[in-house]
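As structure tokens, here come the structures.
You will see chain A twice below: alongside chain B first, and alongside chain C after that.
Showing the complex of A and B:
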């Protein structure tokens, strides 16, 4: 029991307390996210090479070029946006569904459960370089293990749609453990009584899944869905390492183009402008996503 | 701005430069932004341009991108240097080339630049224009180096940007033709006399095809599809850009001829479709193909494959004149925020020592740039390298223009689309060249070439 004086003192000093707790995070957020983001905006209005003394102001030109067909960057940029969009479209459904199935399986009682949980999560701890190298050996059209065992010559990394199948497949293998883990935590949060009550009412397994499990997972689903979309839209390493953007530039994602423009060609202004257009697009997708889930609520 | 600390720094440098009579033409452009020191720091301050070193003990940082098999060779040479020259100890860092340039830029502007570095000759103009490396004419002068000392004019001239020398050549590494002797023998071809003309080459491929062998796997990637395309483009009399590098010209008739030849190999079944990165050279090792036009750096990789009988030859003359893609590693001196005369002198001595002893380096699969080294018995004993060196007089490299690699990336795309059969050669080359022209024009404005 607190005395009145204690409560009062907490209330008194309490005004600052939340901000003090937030301060370390805000400091880091401000220094490493907010300030760079603002500086990026500033950079995007210049023809910017951080090593050259002359960084002429170009206003919105870096943005308008992206929207004028035939300019140096517009074709490449929209092709890369399309690649990012396609990858997101192909990879999000399996990355939302497959981990859910895995989580449902791993949530059951069976011998060796911890082992299998570890097995499914294990690839996630690998770096993209390792994953990329590994799959390059497996997928190589001419000398790869997969074609060897299939006795086929499928162009896994050099032709469409195979390149997309490879990229999505390896990404699902690599990252499904993370989503499965989130689902598992969500599944264990669903009160057992609900299942018992459903059983008493004579609900079948699939009815239990539809009417107890899914609604119980809803906040988790929203999280998984949003995070997976954002992660997929940020795909870079897999394309860079496995397909090198081939065939042509078909699998060169937006992030890969931005990295090339900014870090290889040293055109930070254009790269920053591209980043902002990508960020805006993602903001739009996320907003739409939240709205969809909210509408279902009401 | 006489009161600013920078002005006094500048005048100090100018004073030293004048009194020593070196690097008198300090770029005064540094005044524009106080954080950018003059783009041309004084050269050999009180040094002999690398002829010798008599200063106090120093430790030098040496950066390069020899992440492959050649890393072991450069390490050995640096160890030898450290043993031979106790006063100068060299610490080496090896970064992948892709990261190397980003790291170098960061290191230079934060005052942590390495004392010496190695980079490719086609990266020199960009890095010189971006003020990351400094002119080293004094080394060439002190050592009496001139074009006639070199096996290939391009390696020597390529180190020059806007009239000043930034690179001292270490080696050349051209494309060449590797062949699998067992496969040639098995299919009735002479393993000691590989084809050297276009007609001979096609005949050999046909004969291989008769035995069910796809003789020449065509890579759609930079390694080595683009190198092959560039070689053929030059062989057919074309060039990547016009003389002043204001326009990309690789979509010329010569370019279309070159690319068509490459695509025909796939269409006629001499190459599988969709060859993956490095699959061509692995297929050579496995006896799945007979010929592979690859970089000289593959010598040691092939030498490690047990029981593989292989040979090398210059790439065949498919077009009307001999030409082959090549590149050159060059020593450069990164710009120092606060130059230390002793270290600068030591770095120059290190470059001089290394370039004179490049014969050890050539074992890693390179050909010499210095005639004296090329003629030495030690080099003549390196059988495979000697074959590659026959191409030295006609090795071609990209033009010395800042930002050129951005434009060359578009050649990669044209090669990829053509060889994968996505677009006909003429169309793929035309759109890539149009974009490359935009790139070189933009760069000209940006770097003021």
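Showing the complex of A and C:
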């Protein structure tokens, strides 16, 4: 069945019209998204040294190397995976909880609400280059503002556990506004009548939070949780700029190692294999998330 | 949750919390600005002071000199240029493609849209190595092309615009089609004027994404003349290890466009983020 408009559209435009609209985008999408998505896998199956003329096929060797203890890349790789995992483990809880508290605060009606909303969101619009530069300075053990206020000489960027505390703290400062905003949108979608009904039933504020707010926020929580995990697993700039992976290689993340191996040492086969292993790990984590959230439903 | 909800949190506690949080977010930025206006000596003088003694703009001088070793002004111009060019490319190609996907019938439309949305779930670091090789083959290494073009095949842009176009009523086209307009005319005269807020949001988001991207420009640009701000700021730290005012001045210069754009388009950015976030 064709509507009037569709019949008319055949009359007024040629068959090629949709493709002409799509052509400029598809050229970019094909070249820089679709093709590379497949090419990466191909590269990972070769000994792809950018600087050498030949790139022999090695099958799964780049992958098996990563899983053989004592091989060239496996030690560094799993150390970097551990760093990424630890950062994710440390940063996700505060990035899920603190923005929720901020959103609850901002969800009240008060004069200047949009001003505060904007202020809390502002650091997020700055790039990691500025944020890293700024925090490196704030965390300087001798002349940094943080130690000045604490009257301490904590080595924020060169010793554990301080390096992790610094990286997590600056990331919370930087991205808290984004998650708070998502929560705020979610809070405003919860029907007011639910709160009214709960109040009539004599529910206290904390009961209202547990039985109305949290269930109402469930899809938003899942979104925030998943996106935060993915962003934490992609962490690069904070370590690159602020701790430079120090102390030792403790805070060198997987993405840092992938970039160093592939784009500085030009061993692209290994780097591509590493990025697929990281991607698969992330896929596993996401699948687990969805399963956990769904199980609670039933 | 309304104005009546003041019992668990007294009004005073509430405002105290707001002010405290505001200070946490604003103080680092003010400290960056204040330090950039100090002398090297003053920046490290104990006790630390919020007010420059004396107030000086000396730290900005070498950064704003194009011939210096750290031509922040040049990186700034490069960044503005690449982010603007990238945003224009993202917006123009996405808007055209999204129109076809939302409003035109053609075979394979659903599959194509599914394919585009599907790529949104691929972690971006998977593209790092292959795109580096593609950019090398195109001869774009160390040139601004490498920062402008590859990110422009934006699946997000198409998704974002398509969702908006799908909400417009069909009657808009029907009337125009009966008047003898073709799809190019409908697109240009009917759809685009109605889409200004969405297009503005996408432009701002695309600009900021490109302006703030770090890992890619750090590895595809090598010579200081072709740097954009992110790789530039990364080496600024090494060039001025102890000259904190100069480093902070670099941060201030780099923050200005993002902050200005944010203040100017705040409502759009915030709404765009929260809306696209929930639907993503």
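Heads up, the rule we're going with is that the second predicted complex is superposed on the first by the 260 of 298 C-alpha atoms of A that agree within 3 Å, B and C clash if a C-alpha of one lies under 4 Å from a C-alpha of the other, contacts with A are read in each partner's own complex, and residues count from 1 in each chain.
By definition in this document, contacts are C-beta pairs under 8 Å (C-beta built on N, C-alpha and C of every residue); 3 or more make two chains touch, one makes a residue touch a chain.
Bear in mind the structure is a predicted one, so any value in this text is a computation, not a measurement.
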Chain B versus chain C as contact partner of A:129, first or second or both or neither: second
Chain B versus chain C as contact partner of A:143, first or second or both or neither: both
If touched residues of chain A are counted for chain B and for chain C, the larger one: C
Contacts of A:17 with chain B and chain C, given as first, second, both or neither: second
Partner chain(s) touched by A:111 [first = chain B, second = chain C, both, neither]: neither
First, second, both or neither for A:263, with chain B first and chain C second: both
Contacts of A:59 with chain B and chain C, given as first, second, both or neither: neither
Which superposed partner A:47 touches (first chain B, second chain C, both, neither): first
Partner chain(s) touched by A:248 [first = chain B, second = chain C, both, neither]: first
Chain B versus chain C as contact partner of A:202, first or second or both or neither: neither
Shared chain A surface residues [contacts with chain B and with chain C]: 50, 136, 142-143, 263-264
Residues on chain B engaged by chain A in the complex (per definition of touch): 29, 32-33, 36, 102, 105, 108-109, 130-132, 217, 220-221, 272-277, 279, 282-283, 286, 403, 405-406, 409, 413, 416-417, 420, 422-423, 435, 438-439, 442, 446-447
For the chain C and chain A complex, residues of the former touching the latter: 1-3, 5, 7-8, 14, 17-18, 21-22, 24-29, 31-32, 35, 43-44, 47-48, 89, 92-94, 96-97, 99-101, 104-106, 109, 112, 115-116, 119, 122-134, 136, 149-153, 155, 158, 170, 173-174, 177-178, 180-184, 187, 208, 211-215, 218-219, 229-230, 233-234, 236-237, 244, 247-248, 250-251, 254-255, 258-259, 261-263, 266, 269-270, 273-275, 277-278, 280
Touch list for chain A against partner chain C, complex: 3-6, 8-9, 12-13, 15, 17-19, 21-22, 24-26, 28-37, 39-40, 43, 50, 102, 104-105, 107-110, 116-123, 125-130, 132-138, 142-143, 145, 148, 173, 177-178, 181-182, 184-187, 195, 205, 219-220, 223, 227, 230, 233-234, 236-237, 240-241, 255, 258-259, 262-264, 268, 271-272, 275-276, 278-279, 282
For the chain A and chain B complex, residues of the former touching the latter: 47, 49-54, 71-72, 75, 136, 140-144, 153, 155, 157-159, 244, 246-249, 260, 263-266
